[in-house]
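Mind looking over this structure? Questions follow.
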Amino acid sequence: MLMALFSLFIFHYTIKMFEARLLRSSILKKVLEAIKDLLTQATFDCDDNGIQLQAMDNSHVSLVSLTLRADGFDKYRCDRNISLGMNLSSMSKILKCAGDKDTVTMKAQDNADTVTFVFESPNQEKVSDYEMKLMNLDLEHLGIPETEYSCTIRMPSAEFARICRDLSQFGESMVISCTKEGVKFSASGDISTANIALAQTASIDKEEEAVVIEMDEPVTLTFACQYLNYFTKATSLSNQVQLSMSADVPLVVEYRIPDIGHIRYYLAPKIEEEDS
Amino acid sequence: MLMALFSLFIFHYTIKMFEARLLRSSILKKVLEAIKDLLTQATFDCDDNGIQLQAMDNSHVSLVSLTLRADGFDKYRCDRNISLGMNLSSMSKILKCAGDKDTVTMKAQDNADTVTFVFESPNQEKVSDYEMKLMNLDLEHLGIPETEYSCTIRMPSAEFARICRDLSQFGESMVISCTKEGVKFSASGDISTANIALAQTASIDKEEEAVVIEMDEPVTLTFACQYLNYFTKATSLSNQVQLSMSADVPLVVEYRIPDIGHIRYYLAPKIEEEDS
Amino acid sequence: MLMALFSLFIFHYTIKMFEARLLRSSILKKVLEAIKDLLTQATFDCDDNGIQLQAMDNSHVSLVSLTLRADGFDKYRCDRNISLGMNLSSMSKILKCAGDKDTVTMKAQDNADTVTFVFESPNQEKVSDYEMKLMNLDLEHLGIPETEYSCTIRMPSAEFARICRDLSQFGESMVISCTKEGVKFSASGDISTANIALAQTASIDKEEEAVVIEMDEPVTLTFACQYLNYFTKATSLSNQVQLSMSADVPLVVEYRIPDIGHIRYYLAPKIEEEDS
């Protein structure tokens, strides 16, 4: 209907290209919300398997790892591996222009210095395209080791967000303490001390409301509230969040994105205040 | 019930006066919202036919023209032509005090230096009156010529507001380009370029969601986003907005106010960036 | 289930203590909202009858009096009279951490220098405790005399809040004028004068929407809008507010808190501007 479709057709047979389409733009919008406060720029590494993003936050304290699998997209084509260096605040601005029900297509030609986002309304009568300059970013592949964790806690993501928000009022750090019976979150300041204890759910009626703990040995670690609050920007991506902890290694906060992948945040414990 | 009613009764037979009543205050509230950011003060010209307001915006770039017809009011009386110079921020403050279901009456005596707004609740148990000093404003009758336009575009007002808001993120100017097939809105900045294309609605199920284009010849003009965003403050007055364009003459952005009149905004195109 | 329960059990038989429990935390949350902008700190006096708080506001212009009766709590125990000096902004921070459906328990041991708030979720799977340091505050028992008032006005609390908010746009003071027919609220500034008249409700269908006036003699008094606006922070505690006025004595603004008590605000009239 619009000329863009014709030019697209020609590209298909002449140029190596990357193209990924999602019927609902809301997933990509939420992913950007989940990372844009931690990262100002990042590289989206695209290959046959899907899209990967790994980056330290701006102050090099925490680490973000995003995976979007090729099979989770409604259309996915990647002729040759390509790394797209994005300015995330510009990308977020662009994605805010997509209606929640719009289809979003992200595409780039091989060796191109721009990426294009196309949003199409459900009735096809509104088509928007946004072309954004790519950035040359240093590649830093971080190689996160797979670790066995002493404790994993699965809990409602909204509950975790609420706890992080509430406790950050009382102190800069939060202690997370996991035992077989439950998990305790604590913070303390000049005037007040706060403890929030969650018991493991006795009988699980609704999977997404459950608190489930798997524990080899109890762990108590201290973290900076500020970063935990950044991580909870991913809350809308998933009903549940999973916390994985072992002594002296970074906490993993993981949100699974239904049908397409996950986002994981890593945060080293504070050493000085550790009281395990 | 309240003394004000008696004094009103006496006035009716002794003094030339202006009085206009609307059963729902919400129309007048929305009209003020639609003009108060562009104009700090304006003259309401009242005669037998109704109320007219015409004024350049504060920076003399755009022009606002408001018509409220006498027959659209639930009561309308204007014994002699009267010009009411209003401080619009004071008037807006006053109208915010009206409940949405309140009846609003605006009245002024001949040669008076105040205007009075009376708000009555549906059950008559709350009656508020606000008296506001009038201003002596220079009358500038602007005589807008009736023009035939090369293109008129009718589209959902909320869609137009969304497009103006979205594109103003990317640049200070917006190009509006109208052809038979559709209308395209574009903006570009340092990092990104944005194009939003709307196709003419194929089959019209809901009148208020339609995009309808009438075109004699294609037109492409460039406008300052800031003013378009001011104009979209009128969005709540009407489901649809109409854009009228010809080369080298001001754009007209018109919102019809159901049953009572319309508000029109005029904005000259930017010459230097025109690329028709 | 949690260790706290055991330690509580031991205290019961060894130490004099205070403990008050409400099944819904929302009442206590709203009480704090209603006082925290007027008072930075206050003493909660607890005895067999319940909890009392009386304090001048920070600038010593108005007075707050809060009563929560023992029988309104779901559990109430006070072994010995105890005065708890609270930092209200810390207490408000803590109460914001309670879910609206949480049970809240406030407790303190005799001679303790802390008070503890325990919030329990409906399913008991989340238990939070917040310990807050108490303050040594001067006790000022203010002995408010019981007065017969010339006028009492009962009206919807939301209507009163709206009127105070609206009129405070026009002037710093508000005149409240009560006659048999109704009550009039007025304010005036440089450009505008505002009058809002409420008639006594003719037939009362809904008790909470009624305006009811009891009057021995008409009263007209002037008050600072700012303080009336502070008082209306209590609006969510009650559908109705009662204003009591006599010439030359403080206005009383009373909100009854269903089933448990009331909050009263006292404000002296402005002398210079009185125009009775």
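Residue numbering begins at 1 within each chain, and the chains themselves are lettered A, B and C in the order written.
Here is the rule we use: a contact is a pair of C-beta atoms (placed from the backbone, for glycine too) under 8 Å apart; a residue touches a chain by one contact, two chains touch by 3 or more.
No experiment lies behind these values; they were computed from the predicted model shown.
For the pair chain B and chain C, the fraction of shared interface numbers is less than half, so the two copies use mostly different residues to meet.
Think of chain A turning onto chain B: fitted on CA atoms, that turn is 120 degrees, to the nearest 5.
In whole angstrom, the spacing between the mean C-alpha positions of chain B and chain C is 44. Annotation for chain B: no residues touch two or more other chains.
Put simply, chain C touches chain A in their complex at residues 1-2, 87, 90, 93-94, 96-97, 124-133. Across the interface of their complex, chain B is touched by residues 159, 166, 169-170, 181-182, 191-199, 201-202, 211 of chain C.
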